[in-house]
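Same chain, two partners: chain A is paired with chain B first, then with chain C.
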Partner chain A sequence: MAAAVRGAEELELLERLLGLPGGNKYGVQGERKVPVLQTNNGPGLRGLMTIAAHLVRQARKDQLLGSTAEEKAVVQQWLEYRVTRVNGGSSKEDTRTILKDLNMHLEDKVYLAGNIFTLADILMYYGLHHIMVDLTVQEKEKYLNVSRWFNHIQHYPGVRQHLSDVVFVKNRLYTNAH
Partner chain B sequence: MGFGDLKSAAGLRVLNDFLADKSYIEGYVPSQADIAVFEAIAGPPPAELFHALRWYNHIKSYEKQKASLPGVKKALGKYGPADVEDTTGAATDSKDDDDIDLFGSDDEEESEEAKKLREERLAQYESKKSKKPAVVAKSSILLDVKPWDDETDMAKLEECVRSIQADGLVWGSSKLVPVGYGIKKLQIQCVVEDDKVGTDMLEERITAFEDYVQSMDVAAFNKI
Partner chain C sequence: MAVSGTLYTYPENWRAFKALIAAQYSGARLRVLSAPPHFTFGHTNRSPQFLKKFPLGKVPAFEGDDGFCVFESNAIAYYVSTEELRGSTPEAAAAVLQWVNFADSDVVPPASTWVFPTLGILHYNKQATEVAKEEVRKVLGVLDGHLRTRTFLVGERVSLADISLVCALLWLYKQVLDPAFRGPFGNVTRWFLTCLNQPEFKAVLGEVQLCQRMAQFDAKKFAESQARKEKDKEPPKKGDKGDKEPPKKEKPPRKEEKRPQPEEELDECEQVLAAEPKAKDPFAHLPKSPFVLDEFKRKYSNEDTLSVALPHFWEHFDREGWSLWYCQYRYPEELSQTFMSCNLITGMFQRLDKLRKNAFASVVLFGKDHDSSISGVWVMRGQELAFTLCPDWQVDYESYTWRKLDPDSAECRSLVAEYFTWEGEFRHVGKPFNQGKIFK
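This part shows the complex of A and B:
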């Protein structure tokens, strides 16, 4: 099983993607390795979502959090899903449920929040990378919508960085499989 | 390349299948390719073609900035799956043709557009012209070519056989099969168009290489 991109590493990827100068020091806390960011003023930030949103604002790329109220809500919802379900679950059963959920959601959407690229896509990509790497060709085809989205995001400028390029075959083995 | 007739249900189905594993017509960003196809279809695809519909709605969200999207618009025949031709008829473009602004204020843009339209149509016409008849009966034939003896140069023999060229004849893979006493026969695959090439003609041409070929048989003959 490929190692999951977790916590600090993921936030550093996000920093680079956002074009931030870096230099933030991340720590981890507790049994579940919740990332912590120590800031110069105040008690510091805890949790992936909190820190990610903070970085996005720092980079002045607020559109990544959604433009309309609906988009903001959807981004928030998928970030929460990412933290609670994708990070929480590790069994085969959990993975299947996640892929099924996403596959259904992405059937009529290009990005998680619809038509715009958001933080939800970025963090979901980082969170799913280790899962997608291990999928068989048949599974990739079964979760066709996830595969399409994942392939799209990994080609989005600046997102993939050093992570491995997951290969999706163009020829479909089974037609009529959604 | 192309999607067939994009105004028809069949064409939309081709588009739907094409977009199943892609977010855009070309590459990973919206481009003029998307706009070209978007403008060619009559309206939102039906709900059961959800891949096409998802793409349609997504491209629609770029409507305001469509002029600034990267790329150059090409004829519809330049996009889509390689094995489908574009047949979106010129007649379907007449919609654009009809709305000639009689009180046209900016003539220059109009003529620019007309020019683009004409070019597009020419390209379409060309792609249609080059289209072959839809059904060509083809057969796959496996030939056994036997040499005179074990001293016959099999490489040369194969070269001779492959040197036979005819319209509608394509040579495929070949192998040498031992028949005994060190003698090998050449087994070679070819695909022919039934109307243009017959086995008689093949036999005649192959046995013409008398120095190498003793005899020739058709080992298998399959309609494709």
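This part shows the complex of A and C:
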């Protein structure tokens, strides 16, 4: 099974995607390996969501946090989902539930929040990469909306970086999959 | 360097939207001329200057600041696009072209047959509408299958394919694709809404409301627009329309079966659609006049003024229905640079754009920088100064003194000859001729 992108590695991917100079040193805390960032002139920042949002603001790309109040809330919602459910769950059953949830949500949407690419898409992509790599062709077909979304995000300029390109077949192979 | 130029169109033209959205992506600077005084649909695009650049007289039409001219909406959109929008590999570019053509050949014809009757601009034919509905269902099915596994039509980002198809589907989604009809095509709707909500689309299209209830044929609107159309066909407009008429008449008149000829009907329809509710003709109260101004303008533009146009003028001039005026700029001492004085004259002409069918003038600048004067001769419908008839026309005329000329007087004859030919002594002025401007 592919290794999950987590902690410092994920935040470094985000830094590069945002075009930040890098050089931040990340630590981890506690049993659940919560990432920590010590800033130069402030308190230490704790937790993926907090640090990621901080990096986005530092890069002056606030639109990645959503533009309207509703959009911002939905971005938060999926970041929370990412931290609690995707990071938390590890069983086959958990994975199935996550994919089912997302597949439903993405049926009539291109991005997780609103109609634009946001931090929610980025972190969900990093969080799901190790899962998507291991899906069979049939599973990718079953979670068609997730597949379509994942493929779009991995092609978004600057997102994928060194992570492997997950291949999706665009023409239906198993017509009875649903 | 980014493209920059002028886009001629009528307002709210979905074909022009394609170029405008593409320009949002590429940063091309498009100056849109869609309203008077700069552009009057059916008038500006029939003018000789326009036809010289765009022989079909169709809009949208693009004129680059470097003089490059191109018509056909897809070609304009292509020209103002970036490489990404066009498709950066030969395969991607071919796929983009495929969808652009698909939009024109498979979506637009049935969409028009179905939508235009609901807007009251095409006669309703139940059978044709039902056939069109099925065709729309078919193309939406094709699109839905394609978009099931894809976010955008070609590659993983917006291309001209998406821009063209969204614009082609715009009226369908606004007028007739109610939730029940579009239900089975969720992938198309997802893609459509995503495109509409991209900032580049939004900047051009604004907020688009999807149809809630399928619009039906609007008999009342149709009757109104037909009446407008008929009115448009009356003389003296007839001459203008003439160039469009002949090819149509060659076709044998079809029987009851009213399957519209897609392209042609569409343009006709769009013209009506574009024609704002016609303002009342400010000269409607005048009896018909035998003097055809357009006829004289053609002679004036194309033939020798002294030997052909002037004799024609005096032979046909109708002193009952028309009047002649001499005007003089009131504040010659304020005129400085000659180019500024010229702008003063042409600016006035532009603001009087809608008067062109009912007036002709030659206005001349005399003298040199800081020592000049402006005066002119006007031919005008009716016996009064026309400027009071419309608020748009009142900006400039009060800066001039106006004197009605007696068409029989020798003075009038010589003024008309001098001003129309820009030659002669101009004895009344006392300054040499600098340059003239014609309002026609």
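One rule holds in what follows: the second predicted complex is superposed on the first by the 175 of 178 C-alpha atoms of A that agree within 3 Å, B and C clash if a C-alpha of one lies under 4 Å from a C-alpha of the other, contacts with A are read in each partner's own complex, and residues count from 1 in each chain.
Note that contacts are C-beta pairs under 8 Å (C-beta built on N, C-alpha and C of every residue); 3 or more make two chains touch, one makes a residue touch a chain.
Everything quoted here is computed from the prediction, not taken from an experiment.
**Student:** Please determine, from the superposition on chain A, whether chain B and chain C clash or fit.
**Tutor:** clash
**Student:** One more residue to check, A:162. First (chain B), second (chain C), both or neither?
**Tutor:** Neither partner.
**Student:** Of the two partner chains, chain B (first) and chain C (second), which one does A:152 touch, if any: first, second, both, or neither?
**Tutor:** Both partners, chain B and chain C.
**Student:** Which partner chains sit in contact with A:32 here, chain B, chain C, both or neither? Use first/second/both/neither.
**Tutor:** Neither: A:32 stays clear of chain B and chain C.
**Student:** Between chain B (first) and chain C (second), which, if any, makes contact with A:60: first, second, both or neither?
**Tutor:** The answer is neither, since A:60 touches no partner chain.
**Student:** Output check: A:92 vs chain B and chain C. Expected answer is one of first, second, both, neither. What do you get?
**Tutor:** neither
**Student:** Would you mind listing the overlap between the chain B footprint and the chain C footprint on chain A?
**Tutor:** Common to the two interfaces on chain A: residues 107-110, 114-116, 144, 147-149, 151-152, 155-156, 168, 170, 172.
**Student:** Show which residues of chain A lie in contact with chain B when the two form their complex.
**Tutor:** The contact residues of chain A facing chain B are 107-110, 114-116, 144, 147-149, 151-152, 155-156, 168, 170, 172, 175.
**Student:** Can you list the residues on chain B that touch chain A in the complex?
**Tutor:** Result: residues 17, 20-23, 27-28, 50, 53-55, 57-58, 61-62 of chain B touch chain A.
**Student:** Touching residues of chain C toward chain A in the complex: what are they?
**Tutor:** Chain C residues touching chain A: 148-151, 155-157, 186, 189-191, 193-194, 196-198.
**Student:** Spell out the part of chain A that touches chain C in their complex, as residue ranges.
**Tutor:** Going through chain A, the ones touching chain C are 107-111, 114-116, 144, 147-149, 151-152, 155-156, 168-172.
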